[in-house]
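I've put the structures underneath this note.
What follows is a pair of complexes built around chain A, which joins chain B in one and chain C in the other.
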Partner chain A sequence: MSERVEHYGTIVLYLLVAVAIAFPILNPIGLPMVVSEDTETYYKLVDSLKPGGIVHYGIDPEIGGFEELRSRMIAIGRHLFAKDARIVFVGFDPNAPGIYKMLIEDIGVPKGKVYGVDYVFLGYIPGLEIGIASYAKDIHALLSVDYFGTPLKDLPLMNEVKDIKDFSLIMSFSSHGLPLNYVEQISVPYHIKVAVCVIGVMAPTVKPYYPDQIIGFLSTPRMGAEYELLIRKPGIGIADFDAQTIAHAVLLVFIVVGNLTELKRAKKR
Partner chain B sequence: MDVVALWISTALTIFTVSLIFKETPLYRFAQHVFMGSAMGYGIVMAVKAVSDIAWNPMTKGEAIWIIPFILGLMFYTKFSKKYFWVSRYPTAVLVSTGVALTMRAVVRSSFLAQISSTFLNPLAPPYVGSPQLVINNILVIVIVICTLSYFLFSGEKTWQRNPVMVLLRKAAIYFMMFAFGAGFASTVVSRIALWVGRTRYLLASEARSITSIIIIFTALVLVGQGPLERMWKRR
Partner chain C sequence: MSILLRTRVPQVLTSLVGLFLLVTYFFELPRSIVDVANFIPRFCVVIVAIAVGVGTITLLNHHVSLIRKREAGQWIYSIVMLVTLSLFVVVGLGMGATDRTFSWIYESLLVPCSTTTYAMWCFFIASACFRILRVRSRESLVLLVSAILVMLSNAALGELIWVNFPLVGSWIQTVPMMAVFRGLTMGVGLGLILLGIRVLLGREKGYTGGT
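Up next is the complex of A and B:
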């Protein structure tokens, strides 16, 4: 009997969370939002870029973690293009090419921005830490073509980038421990701090490195919504904000009820 | 093509979620499709990386790339009982390179720099102006000391039972519980974000009708599966 209750209870919980998520997506509520200090710091970091500055944009999440990072990746990509920064997209995770295709469509390359001049995609570089170290030391020694097979010497943007020191800003968007590899292979040997966006699960692992070794740190999907607010371009972050908040509230209620029930049961025993 | 992709991704999402109710052939189908496509994607990416980074430059005269190629091929001797030992050489190269690269930085990044970032003077500028930063810095110092003391296993019994040590360890348990709680909450946030993303996709105007059709189809399979299985067993 109790197994049955547990089974159907789980289904009810899932259905309630599903409704809590679906309802605000279909009928946006517009819950109030406060921009956190970390988001503001990251925003200022990007906003202070000079026009023409070259940015390393590390597409490093696994496909499962991309959804959580998506709003932040889009908003920051749009901000970079708006600041006339030139972007080198590259990934140290094999999912990078698939994600790049979706991301560049989501960001929407502004009119006048040309591939090879304003942005490039170098594809997936294997080897994790070894790959990052080789990339940081000499990009042209590691790669001779971009992801689409165009020789790097034919891409004007890549003629201005030789190694990691030629970037004005280094960013990594990751769902695993890659940001720490960035710290070890870029921050330590070259004394260049990196800006990092991670999924919530990774926040406790990466946060201790901020702000001394990591210059910018965004750790939750809520920060994607905040960033959209700062750049005044509402997107999926703000659209998802209501759904996330209500779903978290439902879970919170279930956690409290579950614990109280368990306490009651323990007292009876 | 976009419509076909929409149908496929909507169906696979709903088939996978059907596991909440019970395991169905639809769920197993989605699982196998995922495994197969993930493997296929991984292989294509690996081959492309080898081709772009090493093979093409090598064929154009950069002879140095022949060394990693030979080392890579040596890994395949793992499948031979007679020449298994050969695979130890590329493994050794890989491990030693990895360890050397990590060691040159990890002492600085994860040890020295972290210690100096942890033990900040809470009353020194620029912290002294901000009560929040002062409290944060004090908390970090106290929590690090307590947690480290929890993992001191050696020493005399009297030292281990010292009231100060006992107090530090008791405090450490609570601090670690807070940390585990925060970690768990972060995991929940991640999973909900994933769910929100998929729901947004399923409820997008162009996908709504497809979502409805596939939900009905999946529900029919869920309802009909039990009677069909019983019928099959009776036969």
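Up next is the complex of A and C:
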């Protein structure tokens, strides 16, 4: 009996998880949630920006991880534009140019915001940690043109940014260890705290630096939904959260079934 | 290539550059020396970009050799890899990386493949939960209880049961988990400092192929 549960259980589990995820994504339910303290801290960080403040927006995930970060990246991007912050998009992961194109379409640049004045995209800077160090020290010495080949001196926004100290806020959205490189190459030498958004599995590695070197920290897809609630623009984060909740419920049932099977097996022994 | 050129020269260069950067980081020095120190990381960024090109050539050689040998269970995939790589390189170099065709290939090929692979984790993790989160010992009971609490705090279920459930999950992540990871991080940090000193002193030979 217990062997049959083991064998068929996995197949049934896969099917149920697939349905549990697909259904709420296609038909978002809008399950209730309490906004966590970490999300509120991050929100206040963005909300306290003065109009015209310049923000470094690090597009640092690889493409798979981007899907987990997507709701947070969109919500925070929209919030930044709503606060009239000026954004310097740049990436230290090779996927940055591809992700930027999708992201900027998802965020939807508000009317009146002009490329070069209100936001720019500097493209991908290779070298990971060494790339971050060079960027932090002197952007104009490292790059002469933006991603589209426009000289930086022709972009009004870039005339106001020389190095990392000219940013009001530094953000990194990543699915790997890049936030740690931000800590090592920005937080420590320049005494500037960074705001970080990572995928769930990276949270334990990055969280030890919060709140001393990292000033804002978002680590789960749930926080994307919470951020959408805070900016009052529901989006894919809410659907992701519904899917996560139902999938977790299915998993909990299966954990109970697995333990009952184990108990039965132990009794037989 | 002699051993001197292959191992000793890179070791001496690494030590000299490392020591130079270390000194310029910690001490106030004349502007001309600081300028040289600022130039080195920028130079490294260019080297890394060139290394991507070198890596691509090595990758090509490897897969061409697999195709030539008709390596069982591999050569077909090597053809797929070569075709895809060539497609990206030809379109990217020919039309430019900002061209719509290049973006279309990226969004229609790489994005769905990568995200699908990433999404498969969900099933593996579900299966792992079903098989592993079972009470077989006291330790496994602790693991099971904390896993359930974190799961409940990450989903709306927890709040439906008890409104303060997210705080319980947050405590697990902020206190016991952080204590363990801070300890690990400090251990790794100390190890890295020792490794750095060994590299600077020329005692570390692993990165030049030595033992």
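In this text, the second predicted complex is superposed on the first by the 254 of 269 C-alpha atoms of A that agree within 3 Å, B and C clash if a C-alpha of one lies under 4 Å from a C-alpha of the other, contacts with A are read in each partner's own complex, and residues count from 1 in each chain.
Definition applied: a residue touches a chain if its C-beta (ideal position, glycine included) is under 8 Å from a C-beta of that chain, and two chains touch if they have at least 3 such contacts.
Please read all numbers here as calculations on a predicted model, not as lab measurements.
Of the two partner chains, neither chain B nor chain C is touched by A:116. Judged by the touch definition given at the top, the superposed model places A:183 against chain B, while chain C stays out of reach. Applying the stated contact rule after C-alpha superposition, one finds that A:133 touches each of chain B and chain C. When the two structures are aligned on the shared chain, A:247 is found in touch with chain B and with chain C. After overlaying the two complexes on the shared chain, residue contacts for A:204 are found with chain B and with chain C alike.
Once the two complexes are laid over each other on the shared chain, residue contacts for A:53 go to neither chain B nor chain C. When both complexes are overlaid on chain A, the residue A:25 reaches chain B alone and has no touch with chain C.
By the touch criterion defined above, A:97 reaches both chain B and chain C. Residue overlap on chain A between its contacts with chain B in one complex and with chain C in the other: 10, 14, 17-18, 21, 64-65, 67-68, 97-98, 125-126, 130, 133, 142, 147, 189, 203-204, 208, 220, 244, 247-248, 251. Chain C meets chain A in the complex at residues 25, 38, 41-42, 44-45, 48-49, 52, 97-98, 103, 106-107, 110-111, 114-115, 117-119, 122-123, 126-127, 129-131, 133-136, 144, 148, 151-152, 154-157, 159-160, 163, 166, 170, 173-174, 177-178, 181-182, 185. By the touch criterion stated above, chain B contacts chain A in their complex at residues 20-21, 41-42, 45-46, 48-49, 52-53, 56-57, 60, 97-98, 101-102, 104-106, 108-110, 113-114, 116-117, 179, 182-183, 185-190, 192-200, 203. The touching residues of chain A, counted against chain C in their complex, run 9-10, 13-14, 17-18, 21, 31-34, 36-38, 62-68, 97-98, 101-102, 125-128, 130-131, 133-134, 137-138, 141-142, 147-148, 189, 203-205, 207-208, 220, 222, 241-242, 244-245, 247-252, 254-255, 257-259, 262-263.
In the complex of the two chains, the chain A residues touching chain B come out as 10-11, 14, 17-18, 21-22, 25-26, 64-65, 67-68, 70, 94, 97-98, 123-126, 129-130, 133, 142-145, 147, 149, 180, 183-185, 187-189, 199-204, 208-209, 212-213, 219-221, 236, 239-240, 243-244, 247-248, 251.
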